[in-house]
Amino acid sequence: MNVAATLAPETLAERLSATRALTLALAEPLSDADATVQPMPDASPAKWHLAHTSWFFETFLLRAVVPGYRVYDERWPFLFNSYYEGEGERLARDRRGMLSHPTLDEARAYRAHVDAALAAAMPGFDAAALELIALGIAHEQQHQELFLTDILATFAANPLEPAYAAAEHWPGSAPVGDVKWISGRTGIVEIGTNDEGFAFDCERPRHQVLLAPHAIANRFVTNGEWQAFIDDGGYRTPGHWLSDGWAWVQSEGITAPLYWGGDGTAFTLAGRQPLDPAAPVTHISHYEADAFARWAGARLPTEAEWEDMAAAHDPRGGHQLDSVGAVRPRAGGEWFGDVWCWTGSAFLPHPGFRQPEGSVGEYNGKFMSGQMVLKGASCATPRGSSRASVRNFFPPHARWQFTGVRLARDC
Amino acid sequence: MNVAATLAPETLAERLSATRALTLALAEPLSDADATVQPMPDASPAKWHLAHTSWFFETFLLRAVVPGYRVYDERWPFLFNSYYEGEGERLARDRRGMLSHPTLDEARAYRAHVDAALAAAMPGFDAAALELIALGIAHEQQHQELFLTDILATFAANPLEPAYAAAEHWPGSAPVGDVKWISGRTGIVEIGTNDEGFAFDCERPRHQVLLAPHAIANRFVTNGEWQAFIDDGGYRTPGHWLSDGWAWVQSEGITAPLYWGGDGTAFTLAGRQPLDPAAPVTHISHYEADAFARWAGARLPTEAEWEDMAAAHDPRGGHQLDSVGAVRPRAGGEWFGDVWCWTGSAFLPHPGFRQPEGSVGEYNGKFMSGQMVLKGASCATPRGSSRASVRNFFPPHARWQFTGVRLARDC
Amino acid sequence: MNVAATLAPETLAERLSATRALTLALAEPLSDADATVQPMPDASPAKWHLAHTSWFFETFLLRAVVPGYRVYDERWPFLFNSYYEGEGERLARDRRGMLSHPTLDEARAYRAHVDAALAAAMPGFDAAALELIALGIAHEQQHQELFLTDILATFAANPLEPAYAAAEHWPGSAPVGDVKWISGRTGIVEIGTNDEGFAFDCERPRHQVLLAPHAIANRFVTNGEWQAFIDDGGYRTPGHWLSDGWAWVQSEGITAPLYWGGDGTAFTLAGRQPLDPAAPVTHISHYEADAFARWAGARLPTEAEWEDMAAAHDPRGGHQLDSVGAVRPRAGGEWFGDVWCWTGSAFLPHPGFRQPEGSVGEYNGKFMSGQMVLKGASCATPRGSSRASVRNFFPPHARWQFTGVRLARDC
Amino acid sequence: MNVAATLAPETLAERLSATRALTLALAEPLSDADATVQPMPDASPAKWHLAHTSWFFETFLLRAVVPGYRVYDERWPFLFNSYYEGEGERLARDRRGMLSHPTLDEARAYRAHVDAALAAAMPGFDAAALELIALGIAHEQQHQELFLTDILATFAANPLEPAYAAAEHWPGSAPVGDVKWISGRTGIVEIGTNDEGFAFDCERPRHQVLLAPHAIANRFVTNGEWQAFIDDGGYRTPGHWLSDGWAWVQSEGITAPLYWGGDGTAFTLAGRQPLDPAAPVTHISHYEADAFARWAGARLPTEAEWEDMAAAHDPRGGHQLDSVGAVRPRAGGEWFGDVWCWTGSAFLPHPGFRQPEGSVGEYNGKFMSGQMVLKGASCATPRGSSRASVRNFFPPHARWQFTGVRLARDC
């Protein structure tokens, strides 16, 4: 990978600094206790996100390439290693909420220590190390999104329904128009990336795919449309559902998107708020997205269909994360932002995919089983981190992320 | 679908008769008690297979299209409906082993009743009904394979290790040679089917796919090669495994293929027998197949790669099921037979797939989530039921079927 | 223990023979498949009861005291050891339903072999061995009762609701009168036994207990009274219930005794039959018995209260098991028979209890935790095996036995 | 109940004030985050203990008997009701760790509010209300002990092993001598209480019990003795164990008391510390206590045996809780203090027990199932709250309390 341009030290240092600062800012509204709670095994405490992103830089850069670097605290890699088998034993994922120690301030001190060590060492980094800096930035941006969705899950688990931030962009927006179908290209196109700039391993390599005639909706499915699905018995009609999805609906007693209150409200980062009928529906599982599409006489787009069409749009546009606040999906969005788009594609390797060497090779490759691809970006995705080739992925039942659906159909 | 040729009543009637007879023959070695036991929720009692395949004809043909047909026993559809939501409530899948009544002989009487009613009605069937006969035959052939794998699981659950049939084809065979890599075609090819003859819904439609340069091994991975994987610490090295696979290995304590005894033997339909080092390894999960491939510096073939290459081979060849006996994978096989080949492809709809109307539309479509495609045929697949376009599918942890692996690689 | 009288070889031999014959007779109505099914981990297949009771004699008598005795089949102790750690590894309790082999006839042949070996050896047995014969008889009688309750559970698990035997004693009986309260003795009394005749280890030793003023109802709670409890919201009112009981009611969705159909019928050994309002309610858990008593302004009797009062009654009287048939609790019973009486006493050792040496010491002692005592006998208890000192015991949620309730109160 | 003496308002007010102050003091060393974590469903966050004990006074006194009292926060009863069905719906017990809000300071403010309201209203309280004050004090004292055991569990769940307080009373003590057996009284004695002073409902009424000849050890089993049990294979020998206990040992992989490190250390309120061989073993389950006793050729004392002998000793003596600190069991103790003594008695009602009216009647009565009685007091029991008649109770597998064992035997 040629890092000459976008990974030039000056730019990288600035991006690193800005990214590290945003994470700190996201934690600003939280108390130490808020930052300690883990509402479910899938979600991590805010404090853990702060420390884990620092552990990432410490492990893959400071320990790996900086001579004489001493680990900040010998006991902390056990706490803040997420899933890297190559980096040794670690705290069970469902026990991350046990960490009243270190405190939030101690986690901040760890960040400062790592930042200082990186700043000192970075002028001497070679291209490979700079690539790891870029990876560390992108990694931290992913955790910024998780930070927000996990704190939403945390506050949703509290019957007092605390708000993370004041309500902005409320109340709702003007009605959106009927869906317009945009025809996609047919035949051989290319997706994935070989760009010199940063991309995650799983986005590579750029490769040809074959598209059959299809069209994709010009906007997301809205809360209002979802209510119509509910009113039409959508959650009670097995014929709309995948078999696994129907089993999930029944065993979990699912009757609406996550956080919906049944009274026209939903729990949000601004606490309980009225649902905006024109805004994209969010916090739905792949099972729900698929069932809705079947009910609507449509289907989910494939990853390639979406990526080829979205590639013509600006990945820095739309409603994405710019600063700390009670972000939410809003009407009037673009191809990127608001909600991640569930696709009908399983998360499997692109043809020619090669897993990087070493522990960092565990980043994405080992998760290529049992998960579905989501494309685009959400209201919680840091602006600037989006690319058409980005491959987000979650199991089909997951719904605590800002997930939504954009319909597609054969032509 | 034009059923003029292969679905002509005479031929169909003969195939129906032969298929129904084979099922009865498969049950011949079993006692009523043998046919009642359910060793795990995934596997059904032999008796249930006998009755369910008759229920299928009764429900989708006799009740649906034969005027005045009276259900054999009003209580039995509840017992023998497998998973068709459109056909109403049914016995929980994990309670199929409670059925000491009806007896095996009563299940046989049910079969005779259905056979007679079909024979009487078939001369008047229209094309749509004849297609359903073809589907019923193919359905029963699938259950013949399940019959054998489920009875193997049943006897394996008994510490006395009963044999279903006498050992044939034992002892082992001559060593097989080193793998030879066969280059596949590159560019746009077609898979799936539009054939006038029978095919399952999920094999349709025939469509174009794009193949990158690749090669596939000329034979399956053998027991001997699998032993080398074990000896090299394959089951103890997380780096070989998908994350879900590694979690499965640890939680289930997996150290070898299912039914291996740790002493050079494996449990088979002929009871405990020595492993044949030259025979294809079987009873492995997708997780294991994937880990082995990674260990071997290779990968699994995609569905399209396999199907395009296998289409040049005779689907009636190789070691497939011809008659009752202790079938097993053997060295010296062909592209079809011995073991199903795990692919790296998720079981998702072919482009343009349409689910049939009515309850029968639940046949395959609703299972297109969380499962991986297997291609080819096994030693337990009735000869004549195989096609290159057939899409078998199981969850990645399943391994009680005759599943195996054939390596592939990029070129 | 002096075995001079009741354990005299002649008498013992006759009792042994009669007991062994009754077990065979109980199996007579069953097919091999019926005898193979295990409906839940708590219940064992009929076939297993036949073989286990023979294993008991083989293990504790033939192998232990008969020189040169060879085990019938070396593999069978693994199958038919119930819970004796001292006798080695054994088939997991929830896998007893996997045994289509040995067949029911093979289990019968095993019985014949053991019977013949016992008959040959018994003339030479010393007193200790004769005591073990008496234990083996009592053990087999316990399994005769389990045989019937387990086959009831087996047939209840089959939607076809097979009947074990023809309905006898149906329809119902004349109404029973209001409860009369019988005052018990107060002060120091004796319970337990030191008798020379047979008793289980846990009934020993006879010891003093102190009774406070109390009274016990002259009859069991009836189905009609239980219906009144249901109609009064008994299963929906947490205030009636122990905390564990209420949790059980909610998690299991309990709304009536086990096998009640909600339509005035219940499933019985004679298939589905109308409930007899005058007959003792049965198939209730300790939680239900306790809740009913609280609702009725009463309590359960203690073991000592019950035993001291029942000691004046004939343990051979009442509705107990005399022969094969669809036994059921009936109105007009006595202190023994119809249903076991749940007490308010935990199953703990009598003061001075000593666990016998060797594996046979595992018989009762190790279960003295987490279970409640039941007293008396049921319609499925072999007549002649009952004693006032017998201590039956089950966990408080168990209800597949013929369990009932007789109220008590302080005076 | 005559409350004339010990429940006189002045005394009560002082005791209330002291008790409330101690709870606050116990929380002093904790951060808001420390006070928020819930390490397992059985243990509650420190913050929850602070608020729940205030909810108790608010619910059973302020709301019930003070005209015009307004609930502090309408949403909080849902959060801080523990298990009172009569008081309505409540937060699931295993979700108490979600409460980063209210903060620890807000919980303190709630306490201050309740304290002020009580102080204002107390002069007008009648005898019944004063009894409830006494109950509230005793209730809070129970929670003081739980506060310490739960914070120990909380810090034990953190790999950093924080200390709650500085180590005091370390290092260990002089060896203790051999056990001396103290003969108990025989015949009819009285236990339980009718005292005019405070006692929990379940301690009442005083009643006669009958004691058989027995002796009890003059001291607790020590860590050193427990090590000998381990060294002798105690955890690997099924013959020592109750059946449920052995199943627990195997499924949980138990090899030592809770918090033992396997290296001569144990985790304590002062962090990891060397084990004192002469100190009473603690954090053992009833299963372990029972197994040890069997191994030692002894048994556990019954509740009545213990209570009758302990009644001659000062319940205010021994190592009990006087102030905030890293309490631990120590050698040289008395009958009360150090560790709770597991008995062989199930927690069942005393003869003549009557459950109080209203929600407060749920205090103890509904838990009289599936639990074993513990007697005495521990190092975490507030001095002054102990009585010989106190009946502590836990399920037989519980071991996060300061539980220990004192042997007994028949004479």
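Labels for the chains are A, B, C and D, by order of writing; each one numbers its residues from 1.
Methods note: a contact is a pair of C-beta atoms (placed from the backbone, for glycine too) under 8 Å apart; a residue touches a chain by one contact, two chains touch by 3 or more.
Just so we're clear, the structure is a prediction, and the values are computed from it rather than from any experiment.
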Checklist entry - Chains shared as neighbours by subunit B and subunit D? => result A, C
Item to check | Interchain centroid distance [CA atoms averaged], subunit B/subunit C, Å | outcome: 46
Item to check | Computed distance of Cα centres, subunit B from subunit A, in Å | outcome: 38
Item to check | Where subunit A and subunit C are represented by their mean Cα positions, the distance between them in whole Å | outcome: 59
Checklist outcome for this item: Every touching pair of chains is listed here as A-B, A-D, B-C, C-D
Checklist outcome for this item: Residue set of subunit D touching subunit A in the complex reads 31-37, 39, 75, 78-79, 91, 95, 97-104, 154, 157-160, 162
Checklist entry - In their complex, what parts of subunit D are in touch with subunit C? => result 83, 85-86, 188, 207-210, 212, 238-239, 241-246, 286-287, 290, 344-346, 348-349, 351-352, 366-370, 396, 410
